[in-house]
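Letters are used for the chains, namely A, B and C, taken in the order the chains are written, and counting of residues starts over at 1 for each.
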Amino acid sequence: MTFLARAKDRHLLAACRAACVLVPPGVEDAPLPVIEVADPYLGVAIIHTYLLARPFVATGVHKTATIGADCHIPSQVSIGPNVVLGDRVRLGTRTRLDAGVVLGDDVVLGDDCWLKANVTIAHATMLGHRVIVDSGTVIGSDGYGYTPDQTGHFHKRPQVGIVRIEDDVEIGACCCIDRATFGETVIGAGTKIDNLVQIAHNVVVGANSLLIAQVAIAGSTTLGRNVIMAGAAKSTGHIHIGDRAQIAAGSAVHHNIAAGAVVAGMPAFEAKRWLKTSAVYQRLPEMYSELKTLRAEVAALKARHTEGGHND
Amino acid sequence: MTFLARAKDRHLLAACRAACVLVPPGVEDAPLPVIEVADPYLGVAIIHTYLLARPFVATGVHKTATIGADCHIPSQVSIGPNVVLGDRVRLGTRTRLDAGVVLGDDVVLGDDCWLKANVTIAHATMLGHRVIVDSGTVIGSDGYGYTPDQTGHFHKRPQVGIVRIEDDVEIGACCCIDRATFGETVIGAGTKIDNLVQIAHNVVVGANSLLIAQVAIAGSTTLGRNVIMAGAAKSTGHIHIGDRAQIAAGSAVHHNIAAGAVVAGMPAFEAKRWLKTSAVYQRLPEMYSELKTLRAEVAALKARHTEGGHND
Amino acid sequence: MTFLARAKDRHLLAACRAACVLVPPGVEDAPLPVIEVADPYLGVAIIHTYLLARPFVATGVHKTATIGADCHIPSQVSIGPNVVLGDRVRLGTRTRLDAGVVLGDDVVLGDDCWLKANVTIAHATMLGHRVIVDSGTVIGSDGYGYTPDQTGHFHKRPQVGIVRIEDDVEIGACCCIDRATFGETVIGAGTKIDNLVQIAHNVVVGANSLLIAQVAIAGSTTLGRNVIMAGAAKSTGHIHIGDRAQIAAGSAVHHNIAAGAVVAGMPAFEAKRWLKTSAVYQRLPEMYSELKTLRAEVAALKARHTEGGHND
């Protein structure tokens, strides 16, 4: 089974050897079996997920795992080799912890979480249901907070808050999500995070947002729902990025962003304007020369006028 | 106990329910107990650290740890599950190594170091006293050095130097600090490094510097004391960034930076100028149109002059 | 033994205390023993590698390692403490796996691979011969693929492809290389990757390319041979970067790049032009003022002409 994303590509069906094709509205007289759906891309994601789903297999707790005191571990879990749980850890049912995962004291996981090999979750972090975390990611690392004294030495501010990850969040590989100074750093339900993303202390990301690879969000910034930060986009701290805002790849947000705004650039401004601006940018050397020429020409014109004036 | 950062916010004290507030000079007639200090931010960091400090508890060496030959391990240590020490490792007193930490051969740690879960320290790396390293960080990875031959194949240059981390350094999660080609890569005393920071081979960072998340410093660059590189700032290799210089977030330094300079942009220049420049940048499309209009107007004026000349 | 990179620095040889110096052509009457080679930099890399090479020592499988079912493990291997192999893993001869390495099910490694401590290789990943992977790196993490439904919730697209790493590739610390949605993500033979690099699903990197620290390449982009992406350079998805193209540090590529092109900027364009453009960029505030002045002067000239016209 495959899919055709756009009706205008329907001529491609002639060469297709799939048993069945999901097609968008507007494909008629197809040369092979088709199923019309509103959004073939979505349809194939749902169908592939259904076809590829494997039932959870509970392998229990591997003999090399180290389990702390007073942990709550349901019977239906798969805890791999060398996994380490601190004290008072609470796991949900059907938890899968791959080899080398480390959970600190007082970590709480909802049902159906899957933490891949070598993930580190520091103490008191809370994960909701169906959270997936890919390898190498660190959740609950200390926030970055220091205060200088008069001699230029920095004093650490204790980071006593936690990280709370809501339901259906997926987090890629080698990400860092720092615990709050006080209170919580929060990743909202359904948000999907790519690899190598940095979330600083006290950041709150709303539901169903997308944070693509190498995004970084500085401390105490809040994001609304369905925000998209494209690859390597950055946000300064202590601002708000409104619902459905989109930050272009490689851009840097320095001020509050209104709901629904689409911005680009460093610092970021309206993306449509940025497209024009970055096109003009390439012509700066010519603009500079022309300005110089015009300056000379205007000076010459003024001089002739002045001469003209004298002649009057 | 809480704190008031600025005297001008003293009206907020009326609604405060803390038992005591650290306040800056200039707060009179406070409605609750206050302690006046020169810098409430610093004061609260020191007091919180004092109140939250837990005495070191030596749990010894966990039974799942693997210890190489000829290691020096004091009696007062806490070595967690699955920690691996190579040969000839020397630990200071009150060392805390959390689960999954790996130290290569000949690593030396000072007193009171704390390496969090899944930190990797490669062979011959030296850490001073009171160094904290957060999870996922790698210290002593190979420097990136290759030389092409005539056929376009790259030959590795052996990286035989080390990394030396001085006293009171704190390093965040998922950072990479490469060993030197020859000699040392150095992180100076009291420097604080955030998450996902890249330090290339032979870099020397001076004392009490701040490197915020996603900073990258290319090979052989040296930083003075009390330098600040804000989030995602980059430096090219083989340059010097002077004492107390500040590099703005997202900026890229291509040349030597003088002591005390504050720079921004890519490539970076004086930050005050950059602020003006980036404001004008947004108006480039209008500047381009206006230049076109002026060009036409000046051409028309010149033509009239020429006509005028003919008319003379 | 040391080397002199450039003949014009030959005066430095007088103070040199090495036993022997590799020198380029054009160094005559040297005050100490020299060996003339076409490229001293390359020569010293080859000689140092030869002198520093240590024969592979097979220590076997450490007693704390966990080996899955039906694995193929040659007699000549060194598998360190807490290494975990899934089922059906096939290792080449002289494989070195340092402490804490995790290989998922069906991983295949060629001969002479060296994976350093805490590397994670997910299921079905294939590595060629002589591949080196530094600590903290994750290969085979899930690609980032989600599709929204009408309610704004994201559905995961299963990532059923693999990662294939060809011979003689070296990968630094804390990198992420995602598995393909379908098919393969490929790193071509002889390519060298620095630290904290992000390679998305279905990317194909050609042979002998260099990807410096913090590079990121979005999904389905293909690179030719001998491409150089300098530090923190980014590429958007679904484009092609031609053979021998060079992308400057901190630049972002938004369109196909021709073979041999050298580009810079965000979005990137010809590097020579970018150098001029970024120099003019710093003068934008003056250009803006001058444009304003010229506008007033041209308006005044026009007014005088018009007056002049009335006076006629």
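Throughout what follows, a contact is a pair of C-beta atoms (placed from the backbone, for glycine too) under 8 Å apart; a residue touches a chain by one contact, two chains touch by 3 or more.
Note that the structure is predicted; figures quoted are calculated from it, not measured.
Common neighbours of chain A and chain C under the contact definition above: B. A rotation of 120 degrees, rounded to a multiple of 5, brings the CA atoms of chain A into register with those of chain B.
At the interface between chain B and chain C, under half of the residue numbers appear on both sides, which makes the contact a different-residue one. In whole angstrom, the spacing between the mean C-alpha positions of chain B and chain C is 22.
Multi-chain contact residues of chain C, defined as those touching 2 or more other chains: 64, 82, 100, 118, 136, 174, 196, 214, 266, 281, 284, 287, 291, 294, 298, 301. Residues of chain A touching chain C in their complex: 39, 41-42, 44-46, 48-49, 52, 62, 64, 80-82, 98-100, 116-118, 132, 134-136, 170, 172-174, 190, 192, 194-196, 208, 210, 212-214, 225-226, 231-232, 249-250, 266, 278, 281-282, 284-285, 287-288, 291, 294-295, 298, 301-302, 305.
Those residues of chain A lying in contact with chain B across their complex are 64, 66, 82, 84, 100, 102, 104, 118, 120, 122, 136-138, 141-142, 144-149, 152-158, 160, 174-176, 178, 196, 198, 200, 214, 216, 218, 234, 236, 252, 265-267, 269, 273, 276-277, 280-281, 283-284, 287, 290-291, 294, 297-298, 301, 304.
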